[in-house]
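Okay, got some structures for you below.
First subunit A sits with subunit B, and in the next complex the same chain sits with subunit C.
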Partner chain A sequence: MSLFLQLFVNGLIGGAHYALLAVGFGLIFATTRIVHFAYGPIYTIAAYVAWVTAGPLHWPLPLAMLAAAMVAALLGVFSYQFLYRPIEERQGSTLVVLIASLGLFIVLENLTGIVFGTGGQTVAGFEGGIHFIGPVFFTTVNVWQIVSVLILVPVLAVFLRRARPGKAILAMTDNAEMARIVGIDTVKVSMLVFALGSAISAVPATLILLRDGANPSMGFLAVFIAFVAVVVGGIGSLRGAVAGGFALGMIESLGLWQIPTEWQNSISFVVLFLVVLLRPQGLFGAARR
Partner chain B sequence: MVKKSGWLVKFLAAGLAAATLGLGLTAQAAEKPQDPKVFNIGAILAMSGKANWYGTVMSQGILQAVDEINAKGGVDGIKLKVSIGDNKSGSAQAGVDAMNRLIDIDHVQAVLTSFSPPTLAIAPIADQKKIFLINGGGVSQALIGASKYLFHNRSLASDLGRAAAAYAQAQGWKKMAMLSWNTDAGESVVNVVKPYWEKLGGTITASETMAVGAANIDTQIAKIKASNPDFVALWLFSPDPGLAMKRIRELGMKQPVLGIEYTADIQKIGGSYMEGYRYFSDYFTPSAANPWSEAFYNGYMKRYGVAPEFYAANYYEGVYVIADLIRRARAQGGDYWHGDKLAAALRANPAVDSVYGGKMVFQANGVAKKRVAMFVVENGKQKFIKYVDIK
Partner chain C sequence: MSAPLLEVRNLSAAHGKKPCLHGIDLSLMPGELLLVLGHNGAGKTTLMRTIFGLHRPSAGQILYQGRDIVGRRPAENVAAGIAYVPQGHGVFRSLSVRDNLLLGAFVVTDRARLAPRLDVVFGLFPVLKERERQIGGTLSGGQQQMLAIGMALMHEPAAIILDEPSLGLAPNLVERVMETVVGIKTAFSTSIIMVEQNVRLSLPVADRVAVIKTGRKIYDGDPGPLGDKVELMKLF
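For the complex of A and B:
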């Protein structure tokens, strides 16, 4: 029973991490329909910026996270402005955008290795507390991971429903063509979601840096999980992205209770296949908001 | 008298003919060596991907050795040139692509290979094209006998694992929990250690696996803890033992942890949680008794600003092994610059100078016999405990 409880808590923690990744990726994907694979290395770069600022520069952690978010937002905007938008203007197909995104992924991942080194990096001297409730353990960073979801998701939801730019994002998510017709500047909205989505990735990036350290290839699994969570949750749904992230975290953890751990990486694929086959619109696909 | 002198002439003529024939044969054996303009050698390393740390370290050792040899005039006056291919952190297909490029474009006759899957994949090519292979990094048991031209100057992981198991038995521990990579490297250790440990009278309480570079291993560690072992064995490689140690200690497990690798990256990831980690490994350390080791160490520090890992030492040493074999093959003369001639030279005399000190002797299975060392991590640094002979 204690193993089950531990796996349940592990699932919650992993799910929180996946949910944040999915929210950032999903925001970009749902609004622009661009499968932004370079979200992975941007998440990686955010982790390295947090490392440089919190580590060698000794900035306080919140400031380091803010710096990481700003750099990530800038990179997101640059990706759109200098790569995706020119392709869109030339009427490039979805496939061309996808290939460009993969190319950007490789370029950024290699640049990260060149700039920051190929080895792993950790914030020297940082050791979060370890807590036990009965037989179940978790760390302070784990708590931050869950708290960050509890703060960021409602704030984003309020922004999308109440703020003017947020409403524009939702309008474009529903129907980009109609949004243009009613006078919404979809280019600006696209830039905004690239900035917002990328900035959000800096939060899980900083927390994973504190928990496990950063390495140049950490972005692959991040963008892969984010993509699966968004599809599972339902494209265009904030609730869906969060639910998809938590569902993946839970299934990945509890699923290995009785299944050998060598199947860990397969579980996400199995979930993806099942959802695509049984409910292609995702868990919250019908309710778009 | 005339008759006598006839016999004498015949005898002298026969002697002269035999001597001429003998001289001729000798001259043929010492035929002038057909030298290439340059000795092209190759390396297939993890230059990109999750495990590119290995490629960086190994290539640094190789480049230092090549530069040193060339600075001294090359091998018998002929320069060495190395071309480095990328196996993309252990991809078999990438290894094959790199091998074909090295053979077809760079015309190499000797290749320093790394990682088990690409090495296994290129082994048939080496057999077909007669390319000498030396592996200083791959640790899978499956590598033994994969090619008649494949040699190893790295102790295989299964040997290190057996050393760890023997140590555990000597401590009186009975219950082992294992966490291994879900790759050939990890599985090969499990496949050898599990029966070995059970033969020693021990039991396996948990056998969990993880992907290379996996971020989330909380489930594996939770299952290991729930199995209540006497000790935990990590059949993992850099940097994953760091993450595993961190999680094991965070989860409140106090049991001893044994492993088969420790690097600066592992220490960086594991931090203070690495304290007490005991591991078995090839061991490179410079010593005054071995001036070559000191020269390598100092040269490496000067070039790269960090102390060499044993992986750097193995690949540095690998280049010198190739250079030595080239000299031996060249001494035989003729068309000597071929991988099979290098392999034959090594089999003829399997003792080769080692940067670790003294000579290493390649066994019939192609693996160089080296002592392995046991270490414990104290205050963030490795502390040598003792050398262990693998039985």
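For the complex of A and C:
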């Protein structure tokens, strides 16, 4: 029983991490319909920016996270402005966008390796506390991982429902052509979601840096999980992205109860296949025409 | 003789490398309902999308209030007072009727103007008021068309481009839509370009008619003769 409780808590923690990754990726994907694979390496770079600022430069953690978010937002906007937008304006197909995205993924990942070295990095001197509730243990960073979801997701939800740019994002997510017709500048909205989505990824990036450290290839699994969580939860739904993230985290963790560790990553694949087969619109997605 | 509100001069456009509009001239006078007729694939929708800025022309001029608007983005045209109601229920299917209407007024930055505009649209389409909280995609086809027209009215446009408002509607609903269009024209002195394929029901409400065939204008003038001239009807 205590093993189950521990795995359940681990699932929540992992799920919180996945949920934030999915929210950032899903925001970009749902609004622009661009499968932004380079989201992965941008998340990696955010982790390294946090490492440089919090580690060698000894900045306070919130400031390091902010710096990471700003660099990530900038890289997101650049990806759109200098890669995806020119393709869109030449009416390139989704396949061209996809390949360009993969190319950017490889370039950024290799650049990270060249700049920061291919070995991992951790923030020297960072000590997170360990807490026990009964037989279940977790760390201070784990608490922050959960809290960050509890803060960011409601703030984003209110922004989308209430703020003028948020409404423009929802409109473009629903129907980009109609958004243009009512006078929404979809280029600006695209830049905004690339900035926002990438900035959001800096939060899980910083927290995972504190928990596990950073390495140049960490972005692959991140964007992969984010993609699966968004499809599982339902494209275009914030609730869906969060639910998808938590579902994946929970299934991965609880799966360990019965399934050997080396199969952990395959579990997300199985979940993806099941959802695509049984409920293609995702848990919270509306069926699309 | 007043100047046209909207004027198209020698406009050509293409889909990729395939030309589909060849030197079209068209003018819309203030307060006029111009009917644009033509077969499927004649280029009517491309013409409207090009005027509105969703499609780039390969040659020619588009003048709105005397100024060339070629190359302007739709957002600028909306702000300048042009509204476009696309073919096939142009609504946000996942958002409520109210949110749809408010998005129709996206370019209106003065929030005090929104409530009176909502009242105008609800006055015109009481059913939208009843279904204010309903999700756009769950409305019937006719209601979605009303919502689409209501959205266009939200920013008080000087000109409305209506692309086949009768598409997919039952005949009695088509008549209602035509009445509504005339009602909008008279009540707000809005200039309207309406693209249609339903000749029988749209001809009686038109002030002037242009007929497009394979990307060229083959008739422009009084709707009267078209009702009789069987030969001309055969043309398109």
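Just so it is clear, the second predicted complex is superposed on the first by the 286 of 289 C-alpha atoms of A that agree within 3 Å, B and C clash if a C-alpha of one lies under 4 Å from a C-alpha of the other, contacts with A are read in each partner's own complex, and residues count from 1 in each chain.
Here is the rule we use: a residue touches a chain if its C-beta (ideal position, glycine included) is under 8 Å from a C-beta of that chain, and two chains touch if they have at least 3 such contacts.
Since the model is a prediction, treat every value here as computed from it, not as a measurement.
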item: Fit-or-clash call for subunit B and subunit C when the two complexes are aligned on subunit A; value: fit
item: Touched partner set for A:120, first subunit B, second subunit C, both or neither; value: first
item: First, second, both or neither for A:7, with subunit B first and subunit C second; value: first
item: Partner chain(s) touched by A:170 [first = subunit B, second = subunit C, both, neither]; value: second
item: Touched partner set for A:182, first subunit B, second subunit C, both or neither; value: second
item: Touching partner for A:260 - first (subunit B), second (subunit C), both, neither; value: first
item: Broader residue contact with subunit A after superposition on the shared chain, subunit B or subunit C; value: B
item: Cα-centre angle that subunit B and subunit C span when viewed from subunit A, reported as a multiple of 10 degrees; value: 140
item: Subunit B versus subunit C as contact partner of A:132, first or second or both or neither; value: first
item: Subunit B versus subunit C as contact partner of A:217, first or second or both or neither; value: first
item: After fitting on chain A: smallest Cα gap, subunit B-subunit C, Å; value: 37
item: Of subunit C, residues touching subunit A in the complex; value: 52, 54, 73-75, 78-79, 84, 86, 90-95, 99, 102-104, 106-107, 137, 151, 155
item: In the complex, subunit B residues that touch subunit A; value: 48-50, 52-53, 56, 182, 208-211, 213-216, 218-220, 222-223, 225-226, 239, 242-243, 246, 250-252, 264-265, 268-269, 271-272
item: Touching residues (chain side subunit A, partner subunit B) in the complex; value: 2-3, 6-7, 10, 13-14, 110, 113, 118-122, 127, 130, 132, 137, 139, 208, 212-213, 215-218, 221, 252-253, 256-257, 260-262, 264-265
item: List of subunit A residues in touch with subunit C within their complex; value: 167-168, 170-171, 173-175, 177-185, 236, 286, 289
